[in-house]
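Several structures are given next for inspection.
Here chain A shows up in two complexes: once beside chain B, once beside chain C.
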Partner chain A sequence: MSTRETTTPRRAGRAGTDSVARKLARNVGVPVLSIVLLFALWQGIVVYFHVAPYIAPRPRQAVLAVTQNWSTLWPLVLGTIRETVYGFIVGAALGIGLGVIMAKVPFLQRLVYPVLVLSQAVPIIALAAPLVLILGFSVTPKVVIVAWIVFFPVTVNVLDGLSHVDQDLMNLARVYGAPRWRTFFQIEIPATATPLFSGLKIGATYAVTGAIIGELAASDGSSLALYQEHANTNLNTAAVYGTTMLMTVIGISWFLLVVGAEVFATPWQRRTVARRRWRRADRSDEEPAR
Partner chain B sequence: MSASAILELRDVGKVFGDTVALEPTSLAIDEGSFVAIVGPSGCGKSTMFNIIAGLLAPDGGEVRLHDQPVTGATGHVGYMLQKDLLVPWRTVEDNITMAKRLTGRVNAADRSEARRVARQYGLGEFLRHYPSALSGGMRQRVAFMRTLVTHQPLLLLDEPFGALDAQTRLEMQQWLLQVWKDTERTVLFITHDVDESIFLSDRVLVMSPRPGRVVADITNPLARPRTVDTLVDPQFVTIKGQIMHLLHGGTP
Partner chain C sequence: MKLRRITAVASAGALAVSSFVLLAGGASSAATTSITFAYDFPGPDFELTPVVVAQDLGYFKAAGLHVNVSFPPDTSSTTKLLTTNSAQIGFLTTTDMGVAVNAGAPVLSVANYSMRNNWALFAKPGTKLTPGNLTAALKGKRIFSYGDTWTESMLPFVLRYAKLKPSQVKIVTAPTGNDLTDLLAGKVDISTSTTNYEIPGFQGSGTKGTEVQLLGTKVGAPDIPVWVYAVTRSYAAGHGKTVKAFLSAVKRATVWAAANPVKAAADFSKAYPKSGYTNAYNLEGWKLTIPFLTNAQHQYFTQTTAQWTTLAKALKSIHLINAVPAPTTYFTNKFLP
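For the complex of A and B:
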């Protein structure tokens, strides 16, 4: 299980010793700085080498290509977000379900695992054409493609996590006389939290890519991917770069949201002392705060 | 069986393939006593515990608790290992109440008891800490409190202090004796450490491997309370010699 059998100190007490300003500087300031530096590098290269605008725009032009066409782009962005989020949720649910079933039924694990590996060996782009034939040009084929990409790392990690729950801990639960379903929810599920979120984070990183592939292969007209392709044909390079930036922002935002969910769901990973909870009524015998 | 026996084994044995892990063994444990079990690695000590706890079905024989057959059944003993098995996602308080959470609802009385026990035995300041913030000795104490609040009259402790340094171990031994005296439980205590077995117990069972069996049942006459002076008591040294002799190839 994910119990860390560490004897060396974790970088504990972060929450207690650092000021909010320091934490903000480290966790937000540094990433922002790295993005600013990236843009500076981009600007520097384009200016220094006198790159023609139709080869590569300056950052400002790429941003303007987005902001000036925002009313056109916004519905397309929403569409991509919808495909990403729906696909991710379907993929994550499927991934967790498959992982749990495979962990609990060894026969199914042997039966299904090869098929799952096979599914990931199929080039996604080759999958798109038959999906369109079956499902048409709706949002569904994109959701399927995203789910197809997302479920796999989730399944593998959940299966791995559940198979590595400490057997002595499981035995202890048996000694207490715990029914299996309680052991599952009280021990096995939380013990799998860390690998589960690893799978979800990998899935989140690829989810937008899946949505864009889906849009390329299975769109009937309006989508972010086709907008970009159109701009490319028209040699509107600024719009091509701008759209890429938009896609990246969607991807990063979704990843950060999953990271946020992990931080919220696994406080013990970062804290040494639990937050005070809503369960206050029965704390009357608590020592007075000092 | 004697009237005051809480636990009785009748011809309980276990074979794994070619290994006789535990020869058919019979013994009775008096209610409220502290019985230590010593023996070299692989002599079937943990196997015996697993059978008593119901984790392992014996090849034959019967386990009786309070004169009721409990062979193969779980949920009737407290059980603690060298590994503390605290769950990292629960606070100290919630780890202590874990058995209740695994078998039903944790209510206000359970939480209140957990806090009371933790305060009484020196962990009151750490109730809301996660286990990762605790030292090895503190973690073992939490694991023991978790065992204690199950209210099982019989506690099986399998090398609970085996991973601790000598200093912490001595503190934990004295602490355990204090808790044992306060709570009036029956304790079966496995250890590799002969000193520990004598320091803690009323009675020492010495085991030998292949086939795993109890080769001696020694009554410990040392007076209580035990202190550091106990360790240099002439009687202590006599029993220690006796056990050492049994463990290292002698005949009883």
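For the complex of A and C:
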């Protein structure tokens, strides 16, 4: 056992507590502080410049516009979340599938890639109205718009990940006679996880925007975007700001969920060795003591 | 020596001329008041014709005005442009005025643009849509709405007339959509718009037959003016002469444009060649607007206490505003030319 290892346990207790507190402060405290500062700045500007409430409300008025109408807003929030989740799943599945196929069939990659780039050059707002004409006013056009936004970064990142797999590992697997499917699932897929999650995080950030654009294009009944639109036409600016905050919260929550999934799915990014409880009974594969 | 004298004389002359030009220019710019007129829609269309004509024929210049036209980012922002002084005179629907005053915005209508309500329900050619069969024609049907205050205000009256609850129809709201396209594509059964915008659009679509229309006023909607010119109360108090000069120039232009629709539409098309509308659409739209510009006494612009009382009561009855204020809260006729 090395000197470092013998001294670590004594210091680990305090150092561990410190690092947890510091981590909390760094990861939670600082973002919360930045939001508080943002709200303070908002309040300060509105008060200092005597901004009329129908031009810009105070933060408290915006929050109240949400909390006091929560029973109306909650079903609309659920609707937007549903459109976001459905669209994200469809877009992610399509992106992963297309990325894998394109990586495996180079001709297809050359054939499809320009179309993919073209698809993203089309302004999504311009696309929304024709989609409504084709698919109607239901949830479908919103799901298509979200999927349209999500699939591209996922496809590109999967493609990128698969084209940068460690060739030494691949050769090693081949030497050991590993079948193709096993190489794919045990080497290529894990190697793609990091770029895949980068794509998913980009998609998650824009997914809510896609859902809102879809809702604005047309909705039968009500939606969060239309609620905001009506509030805007009625000069209820507090509700406009309140619903914007809600949309932001949905977007951030969805992003954090994907980050959480990434943390769970790619533990090797944070630890070089598996947790002790995950290790096999046979300790022979443990790190040798230095 | 001679050359030096010539140079000195020439320089003095040039200085005198440039000073005169500068002074004359300064005097001219001091006499001209620059204002911004905010339209009610993000892009130009034929209802802007009087302002375009006033610019083109020099009526604004003759009134000592330089008018810039600005377009709001959405159909709800004209009031905000006025109250933040980004624009001094605005074009609003009367329902926008209603909700603005209710929200505490200090806006004041200074003239009617149109005098009557030409909002209507529309259906595909061959559809039966009459006051007598309204209930059957609307029940369970998909009705298009842009989600604007005017449609949101008028629809409840029509539904009340048809003895239908909102839950008995399917209102499709598409702020960025196009009612006519959705109607012709069969995505909605009934579209809603004003006649001057809908009919030229239908004619331009090349669809055979005549689009069926039912004026809202025949099925319960109040017969009130749709659009007005508005300013803020503080601007009206401090710049009464400018407001009056603007209305005077616009009235001259409106009268001229009503008498010369072809030339007026051509003026608009020339001023905004990239508006996205054809000259035929602009001409037809403007022609359909003309009958609504004057009241029964053939007057332009004149507002009445009755129109604002009717509007306020109507908006209150559908809970769009909290209280019915005095009509003078909304309007004044004192700047009319």
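The rule is short, and it goes like this: the second predicted complex is superposed on the first by the 253 of 290 C-alpha atoms of A that agree within 3 Å, B and C clash if a C-alpha of one lies under 4 Å from a C-alpha of the other, contacts with A are read in each partner's own complex, and residues count from 1 in each chain.
Please note the rule applied: a contact is a pair of C-beta atoms (placed from the backbone, for glycine too) under 8 Å apart; a residue touches a chain by one contact, two chains touch by 3 or more.
Since the model is a prediction, treat every value here as computed from it, not as a measurement.
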Is A:A128 in contact with chain B, with chain C, with both, or with neither (first, second, both, neither)? second
May I ask you to decide whether A:A193 touches chain B, chain C, both, or neither, giving the answer as first, second, both or neither? first
Is A:T248 touching the first partner chain B, the second partner chain C, both, or neither of them? neither
One more residue to check, A:Q120. First (chain B), second (chain C), both or neither? neither
If we overlay the two complexes on their shared chain A, which of chain B and chain C does A:T183 touch? Say first, second, both or neither. first
Between chain B and chain C, the one with more contact residues on chain A is chain B
Should A:T272 be classified as contacting the first partner (chain B), the second (chain C), both, or neither? first
Touch check for A:L172: first (chain B), second (chain C), both, or neither? first
With touch defined as at the start, can you tell me which chain C residues reach chain A in the complex? 74-76, 79-80, 83-84, 96, 99-100, 102-105, 142, 147-149, 152, 170-178, 181-182, 185, 187, 320
Residues of chain B that touch chain A when the two form their complex: 53-55, 74-77, 79, 81, 83, 85, 87-91, 98-99, 101-103, 108, 111-112, 115-116, 119, 124, 128-130, 132-133, 136, 150
So in the complex, which bits of chain A are touching chain C? 52-55, 125, 128-129, 132-133, 136-137, 216-222, 226, 229-230, 232-236
The answer for chain A against chain B in the complex is residues 2-4, 6-7, 10, 12, 166, 168-169, 171-179, 182-183, 186-187, 190-191, 193, 266, 268, 271-274, 276, 281-282, 285-287
